[in-house]
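Questions regarding the structure given below will be posed in turn.
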Amino acid sequence: MNVKRRDLFRLPFLQGAEPLEPVHRRPQPAPGSEPGVLVSEPGAARPAVTVMAYGPHELTEWAVDDYELLRQMRGKWPVVWVNVNGVAHAPTLAAIGDIFGLHRLALEDLGDVRQRAKVEAYGEQTLFVIVRMARLAPELDLEQVGVFLGPDFVVTFQERPGDVLDPLRQRIRASHGRARRCGPDYLAYSVIDTIVDHYFPVAEAYADRLDALEEEIVHRPTRDAMTRLHAIKRELMSLRRAVWPMRDALNAIVREPGPLVTQESVVYFRDTADHCFQVLDLVETYRDLGSSLTDLYLSNVSNRMNEIMKVLTVFAAIFIPLGFITGVYGMDVEHPRRAWWWDLPFVFTLMGATAVLLLAWFARKGWLGEDR
Amino acid sequence: MNVKRRDLFRLPFLQGAEPLEPVHRRPQPAPGSEPGVLVSEPGAARPAVTVMAYGPHELTEWAVDDYELLRQMRGKWPVVWVNVNGVAHAPTLAAIGDIFGLHRLALEDLGDVRQRAKVEAYGEQTLFVIVRMARLAPELDLEQVGVFLGPDFVVTFQERPGDVLDPLRQRIRASHGRARRCGPDYLAYSVIDTIVDHYFPVAEAYADRLDALEEEIVHRPTRDAMTRLHAIKRELMSLRRAVWPMRDALNAIVREPGPLVTQESVVYFRDTADHCFQVLDLVETYRDLGSSLTDLYLSNVSNRMNEIMKVLTVFAAIFIPLGFITGVYGMDVEHPRRAWWWDLPFVFTLMGATAVLLLAWFARKGWLGEDR
Amino acid sequence: MNVKRRDLFRLPFLQGAEPLEPVHRRPQPAPGSEPGVLVSEPGAARPAVTVMAYGPHELTEWAVDDYELLRQMRGKWPVVWVNVNGVAHAPTLAAIGDIFGLHRLALEDLGDVRQRAKVEAYGEQTLFVIVRMARLAPELDLEQVGVFLGPDFVVTFQERPGDVLDPLRQRIRASHGRARRCGPDYLAYSVIDTIVDHYFPVAEAYADRLDALEEEIVHRPTRDAMTRLHAIKRELMSLRRAVWPMRDALNAIVREPGPLVTQESVVYFRDTADHCFQVLDLVETYRDLGSSLTDLYLSNVSNRMNEIMKVLTVFAAIFIPLGFITGVYGMDVEHPRRAWWWDLPFVFTLMGATAVLLLAWFARKGWLGEDR
Amino acid sequence: MNVKRRDLFRLPFLQGAEPLEPVHRRPQPAPGSEPGVLVSEPGAARPAVTVMAYGPHELTEWAVDDYELLRQMRGKWPVVWVNVNGVAHAPTLAAIGDIFGLHRLALEDLGDVRQRAKVEAYGEQTLFVIVRMARLAPELDLEQVGVFLGPDFVVTFQERPGDVLDPLRQRIRASHGRARRCGPDYLAYSVIDTIVDHYFPVAEAYADRLDALEEEIVHRPTRDAMTRLHAIKRELMSLRRAVWPMRDALNAIVREPGPLVTQESVVYFRDTADHCFQVLDLVETYRDLGSSLTDLYLSNVSNRMNEIMKVLTVFAAIFIPLGFITGVYGMDVEHPRRAWWWDLPFVFTLMGATAVLLLAWFARKGWLGEDR
Amino acid sequence: MNVKRRDLFRLPFLQGAEPLEPVHRRPQPAPGSEPGVLVSEPGAARPAVTVMAYGPHELTEWAVDDYELLRQMRGKWPVVWVNVNGVAHAPTLAAIGDIFGLHRLALEDLGDVRQRAKVEAYGEQTLFVIVRMARLAPELDLEQVGVFLGPDFVVTFQERPGDVLDPLRQRIRASHGRARRCGPDYLAYSVIDTIVDHYFPVAEAYADRLDALEEEIVHRPTRDAMTRLHAIKRELMSLRRAVWPMRDALNAIVREPGPLVTQESVVYFRDTADHCFQVLDLVETYRDLGSSLTDLYLSNVSNRMNEIMKVLTVFAAIFIPLGFITGVYGMDVEHPRRAWWWDLPFVFTLMGATAVLLLAWFARKGWLGEDR
């Protein structure tokens, strides 16, 4: 049993949750530093930059070394998608920002991974969207992704390599369909939609965990059930904090698409906003469920206590009086003695009667059964 | 009593509730797949498709095999109602969508049964409404129903055969009244209204369950009462999650009916939106009631504990001192002895007085009664 | 004490509350039935219909048998007030609806007593208002009242005979003042205002109950206090559910009075809306108070438990060691014996010292007093 | 200790709070009585009426007996401030209402001291404001004050003599500055601002009480701490209920000042609305603090229980086995006897070892310390 | 262990929190005093006033003694930043207010440190912003800062010397870049942005404290953990109360920048408003986390109680019956005696069997392990 308790903290998803593993703890620009000034993280390497440029009939893709090549591509392809796997290297951000005309404040926001999801228009030429990408690996990982949409480009910045966008890349490579014919606004939508849709398997994983916990709490509430419930609640809080502003941001695009988003794409963004709402709905329901499980757990613990107390009370209330009777007969007091065949049956009858009466009383109270 | 506990998990509506029986667990399109592309569920069969076409004076009804017949019916009948009992077979969806000009995103939404209720206009030609149909069978079953309203047709998609619309069908068949004279907007309203009105018996079933639970918690709080209360709370969460967006969707129709809904029908939709509000009101009240019952339960458990402790304390506090007295007299210590007719009455008087004093003290504290 | 518990469920207002006595359980139209079709409740008798027609100088009043007489009265009197004491008899509803041009959906709503309070304009000729009339009899009774306001009439439908409008009738009969000079909008206001003002004594009755409960919970928390608190909470939920939409409905009249309500009467409706707000305020405060009382109760129960445990612990911790000492001296082990005047004082001193030390320790812990 | 408990209910501010001392319990107009008809409270005497009339250079002040004199003053002074110390005497209300042209409904509202704070314009000539004046005397006293603002007058109605406006009167008497130069709108602002600012010392008194309670709950949680916390919570509810609508009312003046409030004064009213917001902020924080203290208290009570149980368990678990050993040696069973110098040391070693082992086990569990 | 408890109140951040160390307790203007009249705090000294005047190419900085010099600087430098380290000295406020044309009500608000953050335009010439500056020193310190923005100046008023603005000052001194080229609106933004960004390290300190607490509550819940949790909750309430209105104020600037804020700076203010939102998000999450930790703590305390009770029950339920058996054999009753080699084994077998049976029963119940 001791083992069990020690093992508790080796359970995969509690570990993931451990010391409030904070989404917001990487070195931040010091308060009071110049706004819009990009500062490299110490020791940050040049991030991997890949480009995918395509039109309805052609597609080219490569890893970029010389950023100036990007400048030359602009205007030659209907859609240029640049993906940067890291936000800690200031010169890269500055160079790419310069090529595509991205606002300094937006680039600075990339480096600060505490951002809430948001949409911001910088002039008529760029729309800047921040979203969070959710994965379970196995702990909840909420990576910030910045998406810049321009008239002929999409630039995406991720915190680190590895993402959920591979199915999208496959689709673009394979398809000569919609994905290739549409402009950069449809690509930006596709990126965001893929990220949002990835919340569903994550949310469902929590549903599974809550199911397992519920099963456990109903049948045999253990102490670590509550610890795990707390861990789940905490991750749901993070999830909610990630999704809530995303829904607002997408609704803002739907309401005021601006010049960069075609009316046709608005229908798609509306669909993604709906998906955000569904995720939020699920998360809220799981939170409510978590509260209800807490109540259930506490009531089960109290019931268990009642059961323990009933056992103690029944034993004590029966045997202490009987013990008293034996004590009375054990007193070293002068008393008239009678033969054993008279005295002994009497005392056993007395004790038996006492026990039976008390048992009957407890039975009437319903304390002898297990549940009541 | 043991039996009882084991049986607990065979109670009909707890079983229904069991492992968080999720409304959202059928195979979903993978995140990142092409939007608007319909994918069949593996092994999905062609769903049953029925058509009911009518005008004020004629009515025809049959099961459809060749979808092209549907195309030929358009324009020949004032109202064509096509009902599809399944959303997992992509070719059927595609064929029907093609005939009636339904938007691809809307058809895709049909396949994803996690949708919140919503209303969406796709151009001027179709209004797409998603609602949830509630049944107790005996567990809560929330089936997603998609309703397409066009200028001369209504197409309804259900997740599976079996629905609550039979009274409506009877009414159309029987009546030469309003139901037959009005256009497809009135039919769409009738479908939605019938579905919404079915929430009332469902909500009332929860009222009955809560009544029974309340009765039980007031008189004899058992442990499975709390488990059942939790199950009810969870189903009420689902119910609320189903109704809440439905109200918003219906209000959206009332506010902006668009070209497909006549002003006359708006009054009817407003009535249905009111019914949604009433259901929501009931559900919220039951949720509040559930919280209050939780408090009541916990306080009753604590009171019960107090009762148990009082019994233990009274027994222990009386008999342990008495036992001590017998112990003193049982000590194997040299002492001056007196005749029994002197010593024995003394010790019994001492013990009696102790017991009486303690009982009096407990009585003054009110610990001897059952309730205080 | 046993008696007390059994009696608990005979207390007047708990009985009223008993099995969630639902405001909404009379036979309802089956889901899917034709909207706007009036169905009689089986066995419903013709309800009593009274009419009061008046102008500044004349007044006539009688019980109506032949509804056609009502049609003849229209246009002859400035104000005609028809009151119907029952909504279960469809022919009556249909006849009166026909005479005054009331919309079918509104009439159908009358029969469904689950309605939330609302205001609905049906064209320019009738305004339909649903409110709830609160009474304590002694349990909370929330009767639905439908008010139709037309250019020269007011029709009120009540669920059953008996209402709170008699003071209003007296005022109309007696007065040649404002009540008689003003039009039907002022009469409709008067009806609604009288109904709303009747919530104040009802709310105050709950204040009294909560006062009594608070007194009881502070001084001697019993188990049925919590049961009664739960009953009060439940009735406050119903009250809130009745008043909340009423405020919205009245505000809707104030914001958009429509052609039937004169500007002068709007001031009066605003006043009534304010009263609704006051009632809501009171109810919300009582609900908060109920929560705080729940906390207080639970803490008192825990404190009581602590007190019980302290008594048990003090007795057990003192007498069990003493008993052990007597046990040691009672052992049937060979030991060197000494004269009684040496041994007996020693053992009693030992026991006395043990008891005194333990008592001192408990006193330092503050466990001997009653409160801490 | 007994004394303490009894004294609990003599503590000044609990007494104030005692049986929910309701702000709303004076005789009210019966529901259904004619709106706008003023009814005297039985036995109500003529209230004291004082008038202060001033311009930049002159000031006159006296107690009014003949209300007709007030009519003659109108138009002769830039500002006439009439203050009435009582709202129960209908003829006074009627007379003053008649002189200054006050609306009947507004006058009726004065008599009903359950009003929420509000602002109402009656035509272009009067603005009617209801606020609540807070005092601790020592219990919370929330007196309703009605303020009528006209083109050349301010009329204030208080429930009873005694107010917080004396500093304002002094300022008007003393100053030849702003207070005297400005019009009646500035006077109305000054009255309301003085009343609102008086909420700050009241709120701070609650902060002090909560500080004291917190100190007590952290160090030595007693049962009456919870009772007092409940009393504070209840008064904070009343406070919140008084301030919340006041903020709305003041914001309404700022948004739509109407013809009676000059643009210059709007800045001042905005400042007062800000103060309302600050008070509300404080009250909300104290309510949150109260909840947190409840949690803290309950956890402390549970901890205390744990401590008690540990003492009981340690004593019982050590001495009951030891007692059993003595019992074994006390059995009156034939057994081979050995010399005392052999048997006695054995049994004491056995008992000592048992005790030491158990103590070591409890120490390892951390049950011997006080806190864990 | 006793030491521990006493030490609890010496922990740095609890001390900081101690008697609700109120942000709002400095001597305030008495309610009813003339609005806009500045009153010195008794004994307040002249605060330190420093000025920093700069344009793109020049910068001058000095401590001001004669306020008239400030008047002479106006118009000579593009940006004049005056910083005043104290708000208690009325003549200084009056003099500076006079020089820069600041509104009296705004100056009065400076002296009242209970202000919520707000933005107020006084005419076209000054914008008045109140924000709160957060520091941990080590307790939470929320200092009020007033910022006046004019066409060519920024005046900042702090409660006391010491601030978080030194990095900003360094930047202005060092840079010939943006900070020097832009106007006073950019300086005002920089001041506010620096203050807002300082909330991040503060919020993160609370995250660290909650992490530590969580670790402690999961592994070994002590009583002072709850006290510290309460202290953290209280400080989070203060933090929330400080940030919430700040976000509203900044949004108000973004929505209606007015003539003093250039369109270019609005982008920057929007960024700062976003940061406020992030802080608020963090604080709300920590509050939710605090609630969840409270639940976890309470459940752990209850579990601990169950563990204690199980130990007691197992010991008592085994040894009390055994003691009873020894008591029976210790009775001084005449009985037929048998040889020791018969009687003694029998009684020991009886006792052993009893103990084993009871242990088996408890093991089946799972009471012998540590966790369940």
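We just call them A, B, C, D and E in the order they show up, numbering each chain from 1.
Note that in this section a contact is a pair of C-beta atoms (placed from the backbone, for glycine too) under 8 Å apart; a residue touches a chain by one contact, two chains touch by 3 or more.
In this text the structure is predicted, and so the values were computed from the model without any measurement.
**Student:** Can you list every chain that touches subunit A and also touches subunit E?
**Tutor:** Where subunit A and subunit E might share a partner, there is none at all.
**Student:** Could you label the subunit A-subunit B interface same or different, taking same to mean over half of its residue numbers are used by both chains?
**Tutor:** At the contact between subunit A and subunit B, which are copies of one sequence, the residues are largely different (under half shared).
**Student:** What whole-Å value do you get for the distance between subunit C and subunit D if each is reduced to the mean of its CA atoms?
**Tutor:** 25
**Student:** What is the distance in Å between the mean C-alpha positions of subunit A and subunit D?
**Tutor:** The mean C-alpha positions of subunit A and subunit D differ by 41 Å.
**Student:** What are the residues of subunit D that contact at least two other chains?
**Tutor:** Each of 298, 302, 305, 309, 312, 316, 320, 323, 327, 330-332 in subunit D touches at least two other chains.
**Student:** Where on subunit C does subunit B make contact in their complex?
**Tutor:** 1-2, 4-5, 9, 19-20, 22, 24-25, 28-36, 103, 105, 109, 114-116, 118, 120, 122, 220, 222-224, 226-227, 230, 233-234, 237-238, 241, 245, 294, 297-298, 301-302, 304-305, 308-309, 311-312, 315-316, 319-320, 322-323, 326-327, 329-332, 337-340, 343-344, 347
**Student:** Applying the document's contact rule, which stretches of subunit C touch subunit D when the two form their complex?
**Tutor:** 164-168, 171, 175, 177-179, 190, 193-194, 197-198, 200-201, 204, 207, 210-211, 214-215, 218, 267-268, 270-271, 274, 277-278, 281-282, 285, 288-289, 292-293, 295-296, 298-300, 302-303, 305-306, 309-310, 312-313, 316-317, 320-321, 323-324, 327-328, 330-336, 366-367, 369-372
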